[in-house]
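Labels run A, B and C following the written order; every chain starts at residue 1.
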Amino acid sequence: MLAPEYIEWLLSGFGITVLLSLTSCVAASVIGALVCGLRISQSKLLRTFARTYIDIFRNTPLLVQLFFWYFGAASLLSSDLMIWLNTPRSLSLGFMTLYWPSFEFLAGFIGLTFYTSAFISEELRSGIQAIPQGQHHAAAALGFTPRQIFFLIILPQAIRVSLFPLLGQYMNALKNSSLTMAIGLAELSYASRQVETVTFKTFQAFGIATVLYVLAIAILELIGRHIYKRHILLRGAF
Amino acid sequence: MNLSVIWDNLDYLLIGAWPNGPVGGLALTVILSISSAIASAVLGLILGIAMVMASQRFEALLATALGFFRAIPIIMLIFWIYFLLPVLFGITAPQVGTVVIALSLVGGAYLGHGVAAGIRSVSSKQWDAGLALGLKRWEVLRLIILPQALPRMMPSFINQWISLIKDTSLAYVIGVPELSFVATQVNNRAMVYPIEVFLFIGLVYFILCTACDMLANRTTKWAGLIVR
Amino acid sequence: MKRLISAVLVVSAVLTGVAQADRLDDIKKAGVLRVAAFDGNPPFGFVDQQSKQIIGLDVDYAKAIADKIGVKLEIRPTNPANRVPLLVSGQVDLVLANFTITEERAKQLDFSIPYFASGQQFLAKKGVLKSPDQIESLRIGADKGTTNEINLRKLYPKTVIVAYDDTPFAFTALRNGNVQAITQDGPKLVGLLANVPDKENYEIPAFTISDDYIGVGAPKGEKALVDLVNETLRELEADGRALKIYNAWFGPDSKTPLPRLFKIGDK
């Protein structure tokens, strides 16, 4: 078996995997909803913008996007900004301390967020298409502005309809976070390789990492089923 | 922007060291994509049909197995097949084979569910009608259900194929000289043009995925007309 | 089901049996020697822009070994972290990729006698790193799966280490300002710096934090293969070809002139 020290490496890698996936998913959901709003707006210009955004991020590999952000985009930033971004600092909130993330984390977060947001936006759009047009007209007749109609009436229902596809995207984000190992972020896959190269216990290192991934996905799946039972079966989808 | 780094290495990015060495670059990416697309489609069809036709217990078993392949990151799966299978069972999978196997297993696991859902979306009355006509279950599936279900599955197949094209970039982790890998080689040698190199291969993937998307959509529409 | 299990067992037993046969015989039978070498680390192993083939000092040694056996040479590109798994899983026959001989590695695989010697050094922007006591105050880039990374963590435990897939990635991170120095074997850094377009902005501080010997990695227990590799290396030294190979990459007229302080057989 692995020494406790190495188990600790794997667990801290898992912590980063969870933190990165969680923050990226939250940000990607917000951006995804906004892009979805643009995608179905009245303005042709905004629609084209949203479509281009979605196509670019969906039709290129995440690995290439991560390389671009970490190695490419970073080379465009001024060296003062890079020093600022790379300086460790912390913010004490009394009950807890927030640490400034590493540049690897920032690049991973940006890459994973943009990539995931494109998929989320499309899932929301197909959710919206499932909502009867009549609601739109009814809300407009009641005097809601188009923006209010989208955010207050259509979007909440679309989220409910596309709950499972959205959950699928969150699971994908969790798995995709493994690619950030290529830009030096010490997440779970990175940690498993580190442990493997130090201990040569390939089977144990990859085995534990695999179990942790499967566990995390299984938990998401259970959460999904729970929400489904409580909110959708009881209240009805529409 | 300095595009000379792209022009100077264009043939290497497109075909690798071929013909004086193995095929690589974009050509290998296309080969990997097409082989995994075919393998995952066949696997997905078999698994999906098996899930519908099998007993409940077997279906649960199959669903769990597929769940596993959908739960682990592809990078991890590639490591398992490439580095651990030989140690555990003495079976050595070649480099390119490893990637195709990993991508097809994951793709097949996703498609299996899509196929099962597609088959189930056909009304059960059609099953009853077919059986009443004296057809066997397999015949009903082949002659009545699948011709209706397959066009409905097309969108999930197309999405999966586009994912596969992108996922071939993960072959990078075991040194398969596909597009992403040769691009990192070029980038590493030139050292100062990461923006140019990664934007360029991003564009190539973009064209590849968009073309696949458009082609598949056209074909589906055309096939849809015929089926109807 | 039982029948299936026994069938699987038989098949795997047969396959394992094949894998355990004498590797040297297998190589002769296949007519190909599969060697893992670096593809982005001049002058040890790198892709030549003209020929698109992997060339370098390590590749020259690999070629000599393949010639000795009388088979074709097939080079597989590798990054540092994949070297041990490639050997252990039987994907390659030998590793010639600036592979430092260590006790821990020697438990997993067998090494030849050393054919190169080097020491762990650093590369930083000019004036950033002057002495070893500054190391712990810097963010340092290393390569995953190298002795450099493990050694740095052991000697300077408080250092922030960011590990990349290969040295050029670490260098890009240095250039972008994500790390303040990168660590590697000295000659590898010299080879890297020689190809940097603005090399006047960087330096390799003179101190070394370890002495490393580089050997050929072979699968565990393949005595015949290792003996043949050792014999080849000694011959190369004796007939002057080793010096020729060295001079081609590190000689006075090369891009990276370094005096040759180590001869095969010295250790």
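Going forward, a residue touches a chain if its C-beta (ideal position, glycine included) is under 8 Å from a C-beta of that chain, and two chains touch if they have at least 3 such contacts.
Here the structure is a predicted model, which is why all the values come from computation and not from measurement.
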Chains contacting each of subunit B and subunit C, listed by label: A
Remotest chain, subunit A as reference, centres from CA atoms: C
The chain pair with the larger count of contacting C-beta pairs, comparing A-C against A-B, is A-B
Rounded Å distance, subunit A centre to subunit C centre (Cα mean): 37
Gap in Å, rounded to a whole number, between the CA centres of subunit B and subunit A: 23
Which parts of subunit A, given as residue numbers and ranges, touch two or more other chains? 71, 75, 182, 202
Residues of subunit C touching 2+ other chains? 85, 88, 169, 172, 175
Of all residues in subunit B, which are in touch with two or more distinct other chains? 83-84, 87, 184, 187, 192, 194
Which residues of subunit A touch subunit C in their complex? 70-71, 74-75, 77, 79, 82-83, 86, 102-104, 182-184, 186, 190, 193-194, 196-198, 200, 202
For a test of understanding, state which residues of subunit B touch subunit A in their complex under the given definition. 67-68, 70-76, 79-80, 83-84, 87-88, 162, 166-167, 169-170, 172-173, 180, 183-184, 187, 192, 194-195, 197-199, 201-202, 205-206, 209-210, 213
In the complex, subunit B touches subunit C at residues 8-9, 12, 16-17, 20-21, 82-87, 89-92, 95, 174-175, 177, 181, 184-185, 187-189, 191-192, 194
Going by the contact rule at the top, pick out the subunit C residues touching subunit B in the complex. 12, 15-19, 39-40, 46-47, 49, 51-53, 76-79, 82, 85-86, 88-91, 166, 168-169, 171-172, 175, 195-198
Name, in rising order, each residue of subunit A that touches subunit B in their complex. 55-56, 58-65, 67-68, 71-73, 75-76, 171, 175-176, 178-179, 181-182, 189, 192, 202-203, 206, 209-210, 213-214, 217-218, 221
